[in-house]
Structure formats: structure tokens, C-alpha cells
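Down below are the structures I want you to see.
Two complexes follow with chain A in common, the first pairing it with chain B and the second with chain C.
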Partner chain A sequence: MPASTRSWRARAEVKAGDPLSPGPRPHPSTAIRVLGFSLRDRHSGYVFIAPAILLLVAVLAYPALRSLRLSLAHPGPGPGGVTLLQYGELLGSGLFRQVVRNTALFVVASVALHVALGLGIALLLNRPLYGRTAFRVLALLPWVVPDVVAGIIWKWILNPLYGVLNEGLFRLHVIAAPVEWLTAPTLVLPSVILANVWRGFPFVMIIFLAGLQSIPAELYEAAAIDGAGTVQRFRHVTLPGLRKIFVVALALDTIWEVRRFGLIQAMTGGGPGTLSEVLSTQVFKQYFQFFKFEYASAMAIAMTGLLLVVSLPYVRMIVREE
Partner chain B sequence: MMHRTWLWARSSLLLTLTVTVVLGLLVPARSQDVVTLRFSNWHLVETVWGRSLREAINIFESRNPGIRISPEPISYAEKEPRYQIECAARRMPDVVKLHNFSLTLFFELGCAADLTSFIQREGPGFLKTWYDTPMQIMTHKGKIMAMPGDFMSMVVIYNRDLFKAAGLDPDKPPKNWTEFLEYARRLTRDTDGDGRVDQWGFSMPASKNPGLPLRILPVVFSFGADFLTPDGRSSAMDSREFREAFTYIVELATVHRVVPPGVTTFGPGDVRTQMASRRVAMKIGSGWSYPIINDLNPSLKAAETLEAAPVPVGRKQTTVAWLSGWIMSPHTRNPDAAWKFIKFLSSKDIEKKFFEDNRVISSRRDVNTLPLVRTDKFSRVIVSQLSQARLEPLIKEWPEIFDAFATALQEAITGAKTSERALADAHARVNAILARPR
Partner chain C sequence: METAVIYSRSRLVAGFVYSLLTVIGIFVLFPFLWMLLTSLKQETEALRVPATWLPQAPTVEAYVTMWLRKNYARYFLNSTIVALSTAVISTFLGAMAAYGFSRFRLRGRAWLMGFILTTQMLPGVLLVGPYFQILSSVGLYDTRTGLIVAFLTICLPFATWMLKGFIDGIPVELDEAAIVDGAGRFEVFARIVVPLIRPGMVATTLFAFLLAWGDLLWVQTLTNSEAMVTVTLAIARTVQEFYVKWPELMAGALMGGLPGIVLYLVMQRWLVQGLTAGAIKQ
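Let's look at the complex of A and B:
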């Protein structure tokens, strides 16, 4: 008999004499009936998750396998069979190396700033504050804005001719000539990261806020009685209490930022030149604009591999908890 | 026994239900008499063109009560990716419009139906009225795969009021590139005296967008340069003529500063807005420019204020032609109705309507010889330049080749690389593209 069944039985026996108990649960092997057909409990679980699994296979596994097969195919007319030609071209491509560098810079800066800003604002919104609910809703608003729309909004804000940022700086006599935020080689990536920080910090903030609310108030009280100051309480109570939340926030945010497409495409299209080109914009271009299906698939597979590595800590944590 | 019968009944019920649901999902409902055609066109999202197309659809539906047109708007940049995906899934709209350099790709991918038999059924002489060049582009491996749409040359569009204000004769547009630069310099001004330049001589959509080749190639070609060698096997971007053309375009932004800042982020729509708001005096455009700008700012009175002139002459007098084509999905379930609609869209009266509404020039001689077209101040110039106009290279690699150029252009304008370095890198990249197995 499986251990889980044994423990369930033990609980059921304890509850048997309790008048408030809802009564014994059905025996695990008791049949349930669907359209007149009987299914055992341990099988019915599979039936219920089958639609989700089928959907995942249809929209995820099948296209992923097709992409993998395409990435190993010979481009154009030539011999059939499997080849690593596309992966070789990827490794030898200076543009691909630059795109990986840009992606790494974009992701690291975005995630770091999301975490810093998200945690800071979550700490503020976790304190007793007049109009706290309103502030929480306001802080969430950038998250509600679709990716592409956020990109267009920021493109207009940073427009050298009509943008409010340059106009404001002019009026304050900070600048004498328009700053080309999205075309100057040194400013373009920081400008895109700035827009992305605005767009993405609310998600991290909400996760941290949920984490902060789950830390028992007694711990802070006990720490205060022991003479811990604000910094010490943050260091010894808040941070350890948020450890798991940190992993979740870092892993999910990193995965999302590696895949970020709409905002960058709308703001710069990867330009000027290739200065703000990231993996997602390159995959799109190679596949849909240059029609290099095999090469784009190899790039997408490389990107997926990178994402799997990034998601490992998150997966490990879930497995440990299971 | 009774239990077994009950089990069979339940099983049959379950099987019937499943089959009904699956069939219901797979087989679309069909009306007895009315055929619905899916029609996708990027112009449907544009105010002026969209209105004109919807009116045309109404005319078609009233003439063909058995056919209903379901319009599917799409953005200009999104059309190729989406149609490709839909074609692979055998779900491409029944009739779509594409521009010339996408046509070859769609023909090669098998994403266009062969129209030859439909055309043959129309009888001899049906194609006589169309110009030869568009018909050649619509033909692939001896089969007619599309019907020509609009066919226009790219010209200079300028604001005569801004010319006058800058002390330039609006009836004497620049004839060569030296004059063009001189005009652009004089038109770049601080008009309100606050110490900031607020009007520029010229603007171009130098972001990476499908409209950029149409605005850049006239300059490159007129300098006597070309992107590819005559055999199409290598890059010709290292020629003296090409370097001169490239440097000229780059220096408009970096040295002479006659284009607005941030030019590498502009799309065609941005440039039209700049012209509509009198911030820019000259741009390269075509027949569609005037109605769109007029719609953006009616107070500009674009019909009177704007003028068209041939592209300035460098070593050659030449420009680039815009050509579009109507294609039928190879997977359409209603090929006869789809052909009827394509024939309607490329008919004389509808092409005339498109000219009246949108000022686009037809691929049909019988439309372009109408007094209405011959006397219009924009179309007169556009039609006159068609004989000198060249098309973008019709090879599958063209989008990637032009991306290499656009990357170099942006790098040189923004100072990420020197002009020489940027162009040399683009030249090497184009050669690498052309060296791949084709």
C-alpha cells in the first residue's frame, strides 16, 4: 500500500469518532462515474489533466520539435539529413555574439532594477500608509499596459523633436540641443532598459508584497524586543523571509526579459544598426524578414537552451518542495 | 443482457457525441448561396485608402450578390510573416495584395495560385492594356501568378510655401544632387526665432522599415551605383559610385544637418507627419503622399501646397518604381469567386476610382491615358518618370541584403562606425549572403 494511502487512512481513523468531521473520504479505489463509465481515483487524475497535456503537446512540444528538426536541416537545395551547419554559423557569427551580449546586458540590468525598485516600493506599500490601496493600484498600472503599447509610449516620450522628456529638459535649461535617446549609440540600450524597468517592476513588486505579507508580525515584534533596529530587522527577518520569493521573482523575471520582444521592436526595431538587437528580435528578423528558417530555428533553440538553464533554480526549488 | 444493451447504448451515444463535436469543429458552416471571400490588404488600416477599398467592396458585393467580402486589415510590416504562416496552415486569405519584392518569395513558396487558366478564359487581348514590366513581374516560370495593382515611380514631394519662405522659386525644384543639398540647407531654418532649428530641408524614413528601399534606391541608382554586380552574384557596394551615394546620404544628417534629429527612428508615417506639420520641406514619395498628408492636416491644403518633381539627376536620370500585385491563395475554396474579385480590383473603373481617391497610378495604360490622370500635377510627373524607373532586385535574399545596407546607414549616421567601416562591413555581409547555396 502506498505511503500516501496509509497516512490518509490514519487521518481518517482519527477523525472517525469526531462528530464535526465531514466523515470518511471515499476509498481511494472507489470508482467515480463519467458518462456512465467508471474510473478509479488514481486513473481519473490522468483523465482530468489529459486536456491540459494535449494542449501543451499541441502548442508547445510539437512546434518545439519541429523547430529542432528545422534547425538541423540543410538550408536551400542540398543534401537531406541532419546537419549542425546552422549551429556552426551561429557560433561563428559576430552579430550573434553581439546579440547575446546585448541580451545579457538588457536582462541583467532590467532584472536587477526590477528587483531593486520592486522590493523598495513593496516595502513602502507594506507599511501603514494613507491611500495605500490607491498607490498599489497606481504602481500596478505599467504592468497592465501591453508590451508594444509601452514601447510606442516611450518612443514618443523620448522622441527628439516632439518628446516630453527633451522638451522638459529644454525648459529647465538642462540641454541646449535635442538628445537623441534612441539613436545615440551610448544611450539607446539604457533608454530601452529604462522603459523596460518602468514596464516590468510592478510584477516583481507584487510578488515581494505578497512575500512581505506572509512574514509573521511576531517575528518583527520578537526582533524588536531583542533590540534589533530597522536595518537588522530587514537583514535578519525580512530578507530570510523573502528568500524563496527572491528565487521565484528572479527566475520568472529573467525568463520573461530574455523573451522580451514587443517593447524593443516598437522602440528601436533593434537599431540603430544592431546596437539594441536582442535574441528575440533577431529570431523574428531571421525567420520572418530574411526567410532563413533553419538559421532562425537554430537561434530559437539556443535561446530555449539558455532559458532552460536560467529556469533551473526555480525548477529545483519546486522539486524540493514536492 | 439488459446491462449489456445499456452499455452499448451509452457507448453509441458517447461516440455520436464525439463525432458530432469533431466534425462540427472541422467542417465550417456553409451557406447555401453566398460565398465569403477573405480579403487582406494593409491599405484597409489607412483612413483614405481604407475608405476607398471599403467602397469598392460595396460596389463588388452589389454587382455580385452571391459573393461576400470579409475584409482583414493588416499592418504593412506584418503582412509577409502572417501570410506565410497562414499559407503553411492552408489558411491564407483568399485574396491579398503584396508589393513586388515579396511576390517572388510567395511564388517560390507556393503561396500564390496560378492565374493563367482564368486569364485564358477571359479571351485573347485581355492582358493587352497592362504595361509589359508589371506583367513580367507577375509571371513566374511561364505562369501568371498575380495581377498587377498600382505602378508608380518615386519622385520628390515638396512644399511650395516653404520654398517661397526660404527665398526659393517653387517652380524650379532642384535638378541635381548639388542643388538638392543647397535647397535643403536653405530650407533648414529656425522659423520662430527661439534659437532652435524647427524646420528641415529633407526627411527620410531611415529606421529599418519596408518603405526605406523605395526612398534610398532612387539616390543610389541616380549616382550610377548598384547593390549587386550585373550577374547578381556579388555585392557592388564597394564601387566608387556606391561610396559617393552612401556618403551623400549620411552627410545630409551628420555634416549638413538638413534632416531632423532622430532620423534613424523615423518610419514613412513619421516623415509624412513632419511634412503635414510643415516641419519638413522635401521628401521622396509617390502618388499616395498627397492624400495621406492631406488627411493628416487638411489645413495644409496639400493639393495646392505640395508639388511633385523628378528625383534629382546624378550620373543618371533614374528612379525606383513601386509595383504591387493581387494574388489568390492557392488553398482558396472559391477560386472562381476569388478570380472575379481580383478581376474587379484590377478593372479599369476600379483602378480609376483608386486614382481619384488615393492618387495611385495604375499598371493599365487605358487608365493612365485618361485626361483625369494626364492633367493631374502629381500623376503627370510620376507617369513621366516610369520609363526611367527600375525595380528593387527581385531575389529572395533582397530583404537581408537591404538590411545589411540599412544597418550600415544607421551605424554611419549615428557615429557607431565611420562611413567607410560601416559600408565595408555591409559589403562583406552581402557577399556572405550571396555565397550561401541558392
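Let's look at the complex of A and C:
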């Protein structure tokens, strides 16, 4: 029994021994008290969740609804009422299509590489190895620094003239001339994705490693006794054991990468031109640089819709469990 | 004979695993090392081709400039105040809400939890616009308080969710025993549940701190005066300047990453436990 509970008990006993206290209560009245308590108890449940819920309604739901309202408003001083003008403009905009494509590429590539690297390394680490703990601890470092910092470090490494990557490749005779990692149209997104893979795979790896270690060893032993080989054990024990964690990691990572802002803002600012613009940087620009509030809101709403659709399987899984 | 074959094969596998992990280790750590080395070089040396490995004339000039000639002390203070307040508030409120969800059969519980889950998915850019207007109208634009309120939107849903996983793992019988002994619900929460989920509280506080410390979007949109600049904003502004002094920028980046790194190394056991506990429970 934890110490806190024990001291609690002790205090309760002291109270009972106090001559001023009513002493041991007769049984029926205790029952009534407990009944009365349980009636009020439900209310105290609301008291516990009220601060968080009210705060979230005020700081999240209300602004979100305001954005929705704004996305349906006529821009500028004009007639009131509701319009789908902005959404029409979005659908017709080549820039918006490009931004959606960029976002999709950035998110899919980042998440796929996070999961591939994360799962691969977790499988490697799921055995007795020298220095395993040290490796696990250090591997998470890229994930704990701000994504702005990650972006800046890689911007320096990828610098065309003074960057250490170009120099290394040059010395290895892989390249003959400096590569413009962050300004060449075909390279800018892959370069940003590279930095984001460095930043993000450790988290997925840690989660998978924890998942692997939660699979009971008996399952592997039983499978081995039944004559299952390495591949079969992986397919029938490891993968099913990781199913839930797979959904969680995939969902959280996807949500985070769709929302990613600082990394891209620091590395390219969306450039060159608009070639590395993603939804978050583009909404930011439309709102705070071009002051197209209604249009930016419509884009943000579209982005939110995308996020909600993407995370549907995750939400369904969690709700079913609860 | 057969054992020898297996033995050498497992040696081969081990060698393969270790060399692979070494390559990954270099990929993970080299950027940090390069950042540190660059920050200790003079500008001319940082721009030298071919590059030098170790600084030929090591200097802490970049750090001196940051702290004495530029305003980094203030940026640091701002980041610390904002991130710490956000972390403490969201962990406290999150723990209360998590207790409520974990222990009570509330009407509309599924909806309310769905609400919290959904709030985790709303992108920041959906909210910054209205926030800008709302905070301006109540006089909280360009204040640390405004930033803290904004960061709660990111941290509170996550804190609630993470801590619920921990509280679910504590037997209800402990609550019941204390209630039979005459404890009120809040006493049960504060004296029994909170001490038992301390690892989760530490992990959640740290995670919320990292989220708030690392943000750029909200700081960039909800502040405009020099007095309110945070470390991440300072770094992001420097990189957009026409002429970038890389040693200085690397020193700034290092300082921006250091609090997270130090806190993580000190508390890494709890953070990893906390991040995975919710996801692991079958």
C-alpha cells in the first residue's frame, strides 16, 4: 500500500479517537451517508472536468467556430450573410492545389519514413545489446529540440556553398558541383523531408520499442514450440501485438506532420517561390501577410476537415475501447 | 560443429546490427555535433572551404554576442516563463479532468471525451486568426498571458489524454477505501491519486513544456514587440535576415535546444514511460 494511503488511514483513526468526534456511526446512517455521497458524487465528477472543458470551449471551440463563420463571410464591407465564395476560389486556385500536393507529399513521405525507420530500428533494438539504453536515450534527442532548431541545423548542413553535406559528397566524388538542396525545385521538398525524418523518427521508434517489449515472451515461446520460424513469428506474434500501437503512432504522427510549421518556416519559408508551401505556412501567409482573412479561414477549415478525416480510424478505435 | 556455425552466424548478425546502429547513431548525433562545432568557430572559419573539423581558433564570441549584445537573456526568460506556466497549468487541469473522466459515469462522457480528442486535431492555423482578434479586443495581444492561454490549446488536450491513461491504471478500490474513511473527492484526488501518478505528471509537464517552448506559429502571430520575443522567434527571425552569421545562429539554436535536451536527459525515464503508457495498455 502506498505511503500516502497509509498516512490517510492513520489520520482517519486519529479522528475516530477524538472525543469530540461523534465516534463510530451506526450502520444504517452510514448507508444513507454513502447513498447521499454517491448522489452528489456524480456532480463532483463534473466539477473535476469543468475547468478543462470550459477552458477548451473558450480557447478552442469558440475560435474554431469563429474561423468557420469567417470562412463563410463576404470579404470586405459588403452584404452580410453566408457565401461559399472562398471555397469556390480555393477549388479554382492552382496555388491551393499545389499546396495540397506539397502537404500530401510532405506528410506521407515523412510518416512513411518515420514508421519504416522507427519500426526497423525498434526491431533491431529489441534484443540484448551493449549500450542499448544509451542508444535509446540519445536517439530521442532530435525529437526534444524545437522543430525550428532542427530546421536551422539542417539549413546549415544543406547550405550550397558552405554546407558540410555538399563538401562531403564532393570529396567522395558523388557530386562535381554544389547542389542547391533548398532552392532547386525538385530537391527542396525532399530536403525538408530529410530534416523532418531526422526530427521525427525517434518518437515512433520509442513507441514501437515499448510496444515490442509489451508482447509477452510466452507468445514467442509458444509459437516456437508450434514450429513457427522467424518470419512466421514476426507475422503472427509481432505484428498483431503491435497493431494498436501502430494505429496510435500513425495517427499522432500524421496529425503532427500535417500541422508542422516551424521546420518549414525556418528552412525555406515556403520557397523558392511557393514550391515548398504547405497548408500551415500558406494559411499563415494568406492571413498575416496578404490579410485575406476569409480566404485564409476557408483554407484552414479545409485543412481541419482533412485532419479530421485522416484521424477518423484512430478516433473510432479509441471510442470503441472506452 | 553445428553450434559453431550458429555461433558464427549470430556473431555475423550482431556485427551487422552494431554497424547499422552506428550509422544511425551518426545520422542522429552528427547534426548536433556540427551545430556545436560551428558555434565555436569564427565566422571566417565557419565559411571556409574546405571546412575545418575542429575550430582552429575556438571562440565563444557567438555566445557573448548573444547574451551581451543581443537580447537573448530576455528571450530566454520569456520562453521559460511562458513554457513553464503552460506546462504547470495544463498538467494540473489535465489531471483533474483525467480524474473526472476516469472515475465518474458522467452523462455525455463519450461526447466530452470525443471533444477533447478532437481538439487535439485542430491545426494551430485554424485558431491563430481569431485569436489575434480576440486577444486584441481583451488587451492580451502581445502579452505573455496571451501566449500562455494560446499554448493551453495545444497542451491541455494532450495532458488530459496522457494522464487519463495513468489514472485508469490505479485501482478504484483505493479511492473507495478513502471515501469510506470519510475523505472528500478532492482529497482523494490530491492525496492519493496525484502522488501515485507522479511519473505521469512529470512526463506530462515535460511534454507540455517542450510543446510550448518549441512553438513558433503562435509567438509569431500573437506578439509584436521586442519585449515579448521568445527564443524560437529570435532564431527564426535571424535566419530570415539578409546576411546570416552562422556561428551566431548555431549558438542560438543550441541554446534554444538545450533546455529541452537537459530536462529530457534528467527525466527521460519518466517521459518515455509517460508517452508510451497510454499507447501500450492493451
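One rule holds in what follows: the second predicted complex is superposed on the first by the 283 of 322 C-alpha atoms of A that agree within 3 Å, B and C clash if a C-alpha of one lies under 4 Å from a C-alpha of the other, contacts with A are read in each partner's own complex, and residues count from 1 in each chain.
By definition in this document, a contact is a pair of C-beta atoms (placed from the backbone, for glycine too) under 8 Å apart; a residue touches a chain by one contact, two chains touch by 3 or more.
Note that the structure is a prediction, hence the values are computed from the model and not measured.
Chemist: Chain A superposed: clash or fit between chain B and chain C?
Modeler: Taken together on chain A, chain C would clash with chain B, as the superposition shows.
Chemist: Can A:142 be said to touch chain B (first), chain C (second), both, or neither?
Modeler: Once the two structures are laid over each other on A, A:142 reaches chain C alone.
Chemist: Can A:184 be said to touch chain B (first), chain C (second), both, or neither?
Modeler: After superposition on chain A, A:184 lies in contact with chain B alone.
Chemist: Kindly classify A:91 by the partners it touches after superposition: chain B alone (first), chain C alone (second), both, or neither?
Modeler: neither
Chemist: Which of the two partners, first being chain B and second being chain C, lies in contact with A:291: first, second, both, or neither?
Modeler: A:291: touches chain B, not chain C.
Chemist: Just checking: does A:269 make contact with chain B only, chain C only, both, or neither of them? Give me first, second, both or neither.
Modeler: Once the two structures are laid over each other on A, A:269 reaches both partners.
Chemist: First (chain B), second (chain C), both or neither: which does A:108 touch?
Modeler: After superposing on A, A:108 lies clear of both chain B and chain C.
Chemist: Comparing chain C with chain B, which touches more residues belonging to chain A?
Modeler: The partner with more contacted residues on chain A is C.
Chemist: So, A:155: does it touch chain B (first), chain C (second), both, or neither?
Modeler: It touches chain B and chain C both.
Chemist: In the superposed model, where does chain C crash into chain B, at 26-34, 80-88, 98-106 or 224-232?
Modeler: Given the superposition on chain A, chain C and chain B clash at 224-232.
Chemist: Considering only the contact definition stated at the top, list the common interface residues of chain A for chain B and chain C.
Modeler: Of chain A, residues 37, 155, 159, 161, 269, 284, 287-288 contact chain B in one complex and chain C in the other.
Chemist: Please give the residue numbers of chain A that touch chain C in the complex, ascending.
Modeler: Interface residues on the chain A side: 2, 4-5, 8-9, 12, 15, 34, 37, 41-42, 44-49, 51-53, 55-56, 59-64, 66-67, 70, 121, 124-125, 127, 129, 135-142, 144-150, 152-157, 159, 161-162, 164, 167, 171, 198, 202-203, 206-207, 210-211, 214, 244-245, 248-249, 255, 258-259, 261-262, 265-266, 269, 279-280, 283-284, 287-288, 293, 296-297, 300-301, 303-304, 307-308, 311, 315, 318-319, 322.
Chemist: What does chain A use to touch chain B in their complex?
Modeler: Per the stated touch rule, the residues are 35-37, 75-78, 155, 159-161, 170, 177-178, 180, 182-185, 268-275, 284-285, 287-292.
Chemist: Could you list, by residue number, the parts of chain B that touch chain A in their complex?
Modeler: Interface residues on chain B, with respect to chain A: 7, 10, 14, 80-81, 84, 105, 196, 207-209, 260-265, 274, 279, 396-397, 399-400, 403, 407-408, 410-411, 413-417, 422, 436-438.
Chemist: Give the list of chain C residues in touch with chain A in this complex.
Modeler: 17-18, 20-21, 24-25, 27-29, 31-32, 34-35, 38, 46-51, 93-94, 96-97, 99-101, 103-106, 110, 112-134, 149-150, 152-153, 156-157, 160, 174, 177-183, 185-186, 189, 191-192, 195-196, 210, 213-217, 220-221, 231-232, 235-236, 239-240, 246, 249-250, 253, 256-257, 260-261, 263-265, 268, 272, 275-276, 279-280, 282
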